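Each of the next two complexes has chain A plus one other chain: chain B in the first, chain C in the second.
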Partner chain A sequence: MPVQNDAPGLDQSGKTHNHWTRRSLLKKGGLWGLFSLLFGGASAVAATAVTEDSGILSDAIGAFFQNHYNRMTKDEVQEALARIERRAKRTYDVDIEVSNDPPQPGVVYGYALNISKCKGYRKCVDGCIEENNQGRDPQIAYIRVLELDAGSLELNRSDHYYDSETVPQPGKIYLPIQCMQCDNPPCVKACPVDATWKEPDGIVVTDYDWCIGSRACMTACPYSARQFNWTEPKIPAGELNPHTHLLGNRPREKGVVEKCTYCIQRARKNRQPACVEACPTGARIFGNLLDPKSEIRYILENKNVFRLKEDLGCEPKFWYYTD
Partner chain B sequence: MEYPILPNKSQDPRPPGAQCTSSRRRAVMLMAFGAVALLAIGTALYRAQAAEGESPASAGEKAQAWDQIETVGEEDEWVETVYDDGKWIIIGERGIGIPWYDVEPYQIPIRKWEDIPMYPCSDCHDKWPVNHEQRPMVEEHTDLVVDHGDGHFWCTGCHDGRGLDFLVSKDGRFIDMDLSYIQCGECHFEELKDWEYGSHGLRIGLWRGTRVLRNCVECHNAHSPAIAPIEPNAPPKIRGNLVRFSKPAVEHSEHSKVWERVAPKNN
Partner chain C sequence: MKSFGSFCRDCLKLVFRGGRSYWIWNGGLLFMAIAGLGGYTHQLIEGLAVTHMSDQVNWGLYISNFIFMGGVSAASLVLVVAAFLYRQPEAAQSVTLGLGIAIAAAVMCGLFITVDLGRPDRLWHIVPFLGELSFPYSMLAWDAVVLNTYIPFTLGLAIYILFLKYNNREPATRGALFVLGNAAILFAISMLTVEAFLLSGHVARPLWNTAVLVPRFVVAAFAASSAIIILVLRLLDRFTERKEKSAEIGILVGVLKVAVLINLFLIAVEFFTHFYHPTDHSASAIYLYFGLDGRTMLVPWTWTSLAFGVIAVIILFNPRLRGRRAWLNLACVLTVMEIWIEKSMGLLIPGFIPTPLGEIFEYLPSPIEILVSLGVLAIGMLIFTLIAKIAIHIELGHTRYSAPDSN
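On to the complex of A and B.
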C-alpha cells in the first residue's frame, strides 16, 4: 500500500502511525473548526433564545443533519424517532409512538383485489386516510376508486370523482388504484437523491426526511400512486393515528412526496393493512407471496388474475382478479 | 332435550314425504367419491381414531366417519383459543363440509348466545308444535322477511323441525347454528370453496397465522341475502384552483373525459 501524504498509513518499517502533514492538518482542523463553530453557536443560541421548550432548536439542528435512513446507526435512528415524537407532541399535543420495525425474513407482501366484489363504497379510501395520517386539506388519498363502464378497462374514460347517490351503479365497475409496490419500481430509479427504495419485504418506502420534493418519482409512476404535500399537512389532533412507523405513517412535512406502504406499521406487526380491514365486501386480500399456503397464493394460482399496465415491465405486486 | 347425533329414521317426526332418503344418497355419494376421495376426508374424528393406533378404517368405518363430519354440535368437540377476546373456535384441523380438497385451518367467531340473542330457540319452540305451513307471520318473527330462493323457502327448509336449535342439512343431519356456512355451501358450493380458500369473504385479525374468517351470515342476511346499494363515501376534493371538467362541457363526444382543468377566472 503506497504511503499517502495526507492520510494515515503504513511507512516502510511497517509500523502504523498518523502521518500528519500540513495539508491534512489544515483540512481536518478547518473541518472541525467549522463544525464546532456551527454546533457551538447553535447551542449557544439554543441556550439563550429558547426558554420554555428547549428542544425545538436542537431538534431542528438534529433533523437538519439527519443522515439517510440506510446510513444511520441504531442510535441515530433512535434519536430520529424521538425527534419525530417530540415534534408531534409540539404540533398536535398527541403522544405518538414511532417504531422502526425491520422487514420480516421470508416475507414479500402481495395484494389481490377482486373487482367483481368491489362496489365502489370508498370505505378503503377513508380507512387509509385515517390510518396513514394524510393531510386533510388539501386532501391526500393514496387510494383512488375508478368508476369504469362495465366490459372495459379503458382508464382514460374512468372517473374517480363519481358522486352517485348509491353504488354500485348499474353498468359500472369499480377499480381501486393505489401503489402497487412494483418489484421493478420506476419511481426508485427516478429519485435524484435516493430518498425512495425497495425494502427486502417488497415495500417501496420513502425516507421523508431525505426527500427534497423534486417530484420526479411522481412523474415516473405509471399509476399516479404518489402524492405531494403542497402545504403543511393539516390533521385534526384528535384524528392523528399515534401508532406510526418511521418509513410509513409518521407525520410528514410540507414539500415531500408520500405514498402507500401497504401500511408498513401494521404489516410488519402481522396486521392487515387498513384498507383490507375497512373493506366491507372482502374484495381485498393481503398476504405473503413466499408462503405457498397463503390466501394470496391460492388466488394467483387458481383465479383469473391480471395486473394493471403489465406491459410496462414494472412487475407490480398487486393483482386484480374476478370471481 | 337430547337430540340424536346421527339421523335416525325411527325418531324422525316428519311426515314420510318430507324425509330425505339419506341412505340412498349416502350410497350414491360413496360410490361417486370412491376410496381415494374417502381417504381425503380428514375429519377430526377420523384422525383421532387414527391417532389412537387403530387399524386402517374399513369402508364401513369410513362411511361412519363421513356421517359424523357435519355433526359437530357437541360442545366438547370445540377447542377455544385465546384470540383478542377469546371468542373464536377451531373446528378440527381443517374446514368442514367439502372433503375433497385441503384447506388451511381456520377459525370462526362464535355467534350463538350473543349474536343470536333468541338462542336457544327451543326455549319457546318446545312449547308449540312445528307448523310446516307457509303463512304470514303475525305474532312472532314479524320483522322477518324471507326473500331467499324466489319464495320457495320456508323456515323448516333450513331450521330443523325436530329441534329448532339446529339447522338441518339436505339429507336430514343436524348442523350447529355456528356452522351455518355448511348449510349455505350445500347450494352455494362455489362460494363455500372460495370462502374456505380465502378468496371470498372477510378475514379478520392478522395476515399471518391461523385464519379467522367471518361466517357467511355475518355479511349476508340468510333470510334475504341480497345486498342493497348504499351511498358511497364522499368523493375526493378537487385541489386548489382546479375544477372538475364535467361531462357536458366536452364538445366533441369522441374525446375522452378529462379529470381536472384549470378553473376559468371570473370576469
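On to the complex of A and C.
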C-alpha cells in the first residue's frame, strides 16, 4: 500500500494515487468485478488447463483483463508478475524476476548533475539502455546528451547527435536530459486513462499494461522525456536484464509509452541508478531529498543549482549545478 | 408509438433501395473503406512504425483530422439547429441534412482517435467506471466523454425530427425541440472548446499555449462547416431530387464570409505577437512561416493555405462574384482546403517542431496514414449518404406513415 509522506518544501498536491479508500475500492472493484464476471469467465476456464499452449491463451486473456495497477488486489498483482515472467521466458527464453517493491516511507528521490564534470561520453546513455531493457531496434534511450556552445544553454541551438571522434570538444558543454520526475507533472494530467502517476517516493511511473498509447503524455512533456514503442521492441536475449520491477524495466510491448523511473528496480532496493554508476566522471548525484544528511541535500544547500525550464511550474526533481 | 416500427422498416427500405448511381457511389465508398481497413490491419500488425510519426512528432495526420472533423461536426450542428430555431422556416428543411453531417463527422472523429491509439485492444480502459478515466484533468478524457454522449444525442435529435415529419407533423420550434436543440448547441460548443483545450493546455508547446486558440478553433470550424454544407447541398441539388433553396444558402454564405474573414484576422493577430519580438516561444511559428535552420517542409503549405483564405474572402465579399454559382463553389472549396491545412500542417504539426529540446525533425504523413484516413473519410461519407437518403425522401414527402411505399 502506498504510504503518504510529508515532504517539506515539495508540493504533494499533484495527482498522487492514494485513492485506496475502502469506498472507492469497493465501487471500482465492484464494477470491474462485474465486467470480468461477464466477459472474463473464459479466462478462469482457460487458466485451469495446464498445457503449454493453453498457458499462452490464458495469459493473453489474463493480460487483456488485467486491472489498473492501483486497483489490483495483492493476488492479482502476483498473477501479473508471474504472467510477465512467463512471457519473457517464452519470448527470450530467459528467467526474469519481476518485483513490486513498494515505495519506502520518508523517501522522495532527487537528482543533481554537475555540468562542469560532464564531458559528453554518453556512458550514462549506454548504462541506462542495458539496465532498463529498452528496445534496440529502433533504439530507445531515456537519456539524451545535448552538445551546446559554451556560454549558452539555449536548447534550440543544441546538437542531439554530436558525432566527433573525441569528446569533450573544445568550446562545447554537455547537458544530459532525462525524465525529471516532476512534482507537478504535466504528463500525468494529460493521460486520459490514469496510466501514469506520481508515486509517493516522487517517481513518475507508468502502468505499461494499462497504457492505451494515445501519446498525450509525450505531447505534454516539456523535456521530451517519454518514448513510444512504435513497433515490437527487439532485445537480444543475452542482453536482457533479468532483475526487473513491474513499474520499471520489465519488458514492454509494442504500442505503449515508456520512460525513465530513476531505475525504480534499483532505487527501491537502496541502490544507485544505472546512469549514476555508469558515469566515469562522477557528475551524477542521486539520493533522498528528505534525508538532511544525504549528498543530494548537501549539493542543493551548498552549490549554485538550477533547473531546466523552471518557469513552466512543473517542479522537476532534477537539478543542474557547476563547480 | 406504433408508427415507429414502420418508420424503422421504411428507413431500412430506403437505405437498401436505390438506382444504379446510388449503388455505384456506395460501392465506391465501401471499397475505399475496405482499403482503409486493409491499411489499418497492416498498422495493427506492424505497429505505428508504419506511420511517419516519431518520438519528436508524436501526433500527425490522424489527430489533425480528428481536430478538423470535430470542428466540422460541432459547427454544422450549431449552424443548422440555430438556423432552424431562430431563423427562417426555409432553413428548417436542411436541419436533418446538417445533423447528418454532424453525425458522420463525429463518427469520423471517434475513428480518427481510435486509429491513432497504440493499443486499441485496451480501448475499454477509457470507458467510464469500467476503465479508469482520468477526469477532470485529462482533456483527452473529456473529449472521449463528450464525443460519446454527443453522437447518440445528435442521432436521437435527427431521428426525432425525421420521425415527426414521417408522421406528417412539422417540427415545432418550441417545447421539447427548443430545449433539445439548445442543449445540442451547448454540447457542440463544449466539444469544440474542449478540442481546443486539448492543444492549448500544453505548457510544453508554446505555439498552442495561447487562449486565442479557442476562438480560432470555433471560427475556423464555422468557416469549414458552412462551406461543406453549401457544397453538400449543391451536390444533392445536382444528383438527387432535392433542390437547394436560396434562403438556406443565403444564411450559410452570411456565416461563411464572416467566419473566413475573422479566421484570417485571428491568424494575423497571432502573427504579430510571434514576430514583433520573437522569443524562443516563436520558434514553431518561425518554422511554420519561414522555415528554421534551412528546414522548410511546411512553408509552402502555410502560404498556400493563407492564399486560399485571401482568395475566398475576396470572392465572398464581392456580391457579383459570390452570386455566381461557380465562384461561390470555388470559395467553398478553397475555404475547406484552407482550414484543413491550417488545422493540420499549420497548427498541429508545427507544435512539435522544434521539440521542447530544440530538435527539428520534420513530418509528412506516410502512405499508410493517408490510406487509413481515406478509409475513415469513406466510412463518414457512407454514413452521411444513408442519412441523407432517408432524410430527403421523408422531407420531400415520398416516404410518410400514410403512404409507406410510395418510394
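The rule we apply is simple: the second predicted complex is superposed on the first by the 270 of 323 C-alpha atoms of A that agree within 3 Å, B and C clash if a C-alpha of one lies under 4 Å from a C-alpha of the other, contacts with A are read in each partner's own complex, and residues count from 1 in each chain.
In this section, contacts are C-beta pairs under 8 Å (C-beta built on N, C-alpha and C of every residue); 3 or more make two chains touch, one makes a residue touch a chain.
If you're wondering where the values come from, they're calculated on a predicted model, not measured in any experiment.
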item: First (chain B), second (chain C), both or neither touched by A:224; value: second
item: Contacts of A:293 with chain B and chain C, given as first, second, both or neither; value: first
item: Which superposed partner A:192 touches (first chain B, second chain C, both, neither); value: second
item: Touched partner set for A:156, first chain B, second chain C, both or neither; value: both
item: Contacts of A:234 with chain B and chain C, given as first, second, both or neither; value: neither
item: Chain B versus chain C as contact partner of A:255, first or second or both or neither; value: second
item: Contacts of A:90 with chain B and chain C, given as first, second, both or neither; value: neither
item: Chain B and chain C contact sites that coincide on chain A, given as residue numbers; value: 138, 144, 154, 156-158, 160, 230
item: Chain A to chain C touching residues, read off their complex; value: 15, 28, 31-32, 35, 64, 68, 71, 138, 144, 146, 154-158, 160, 177, 186, 188-195, 210-216, 218-224, 226-232, 254-257, 309, 312-314
item: Of all residues in chain B, those that touch chain A in their complex; value: 104, 194, 197-209, 211, 214, 219, 229-240, 244, 256-257, 259
item: Chain A - residues contacting chain B, complex; value: 112, 114, 117, 119-123, 125-126, 137-139, 141, 144, 154, 156-169, 230, 267, 270-272, 276-277, 279-280, 282, 285-288, 293, 295, 298-299, 302-303, 321, 323
item: Interfacial residue positions of chain C with respect to chain A in the complex; value: 46-49, 53-56, 58-59, 113, 116-126, 129-134, 137-141, 143-144, 201-205, 280, 283, 351-352, 354-359
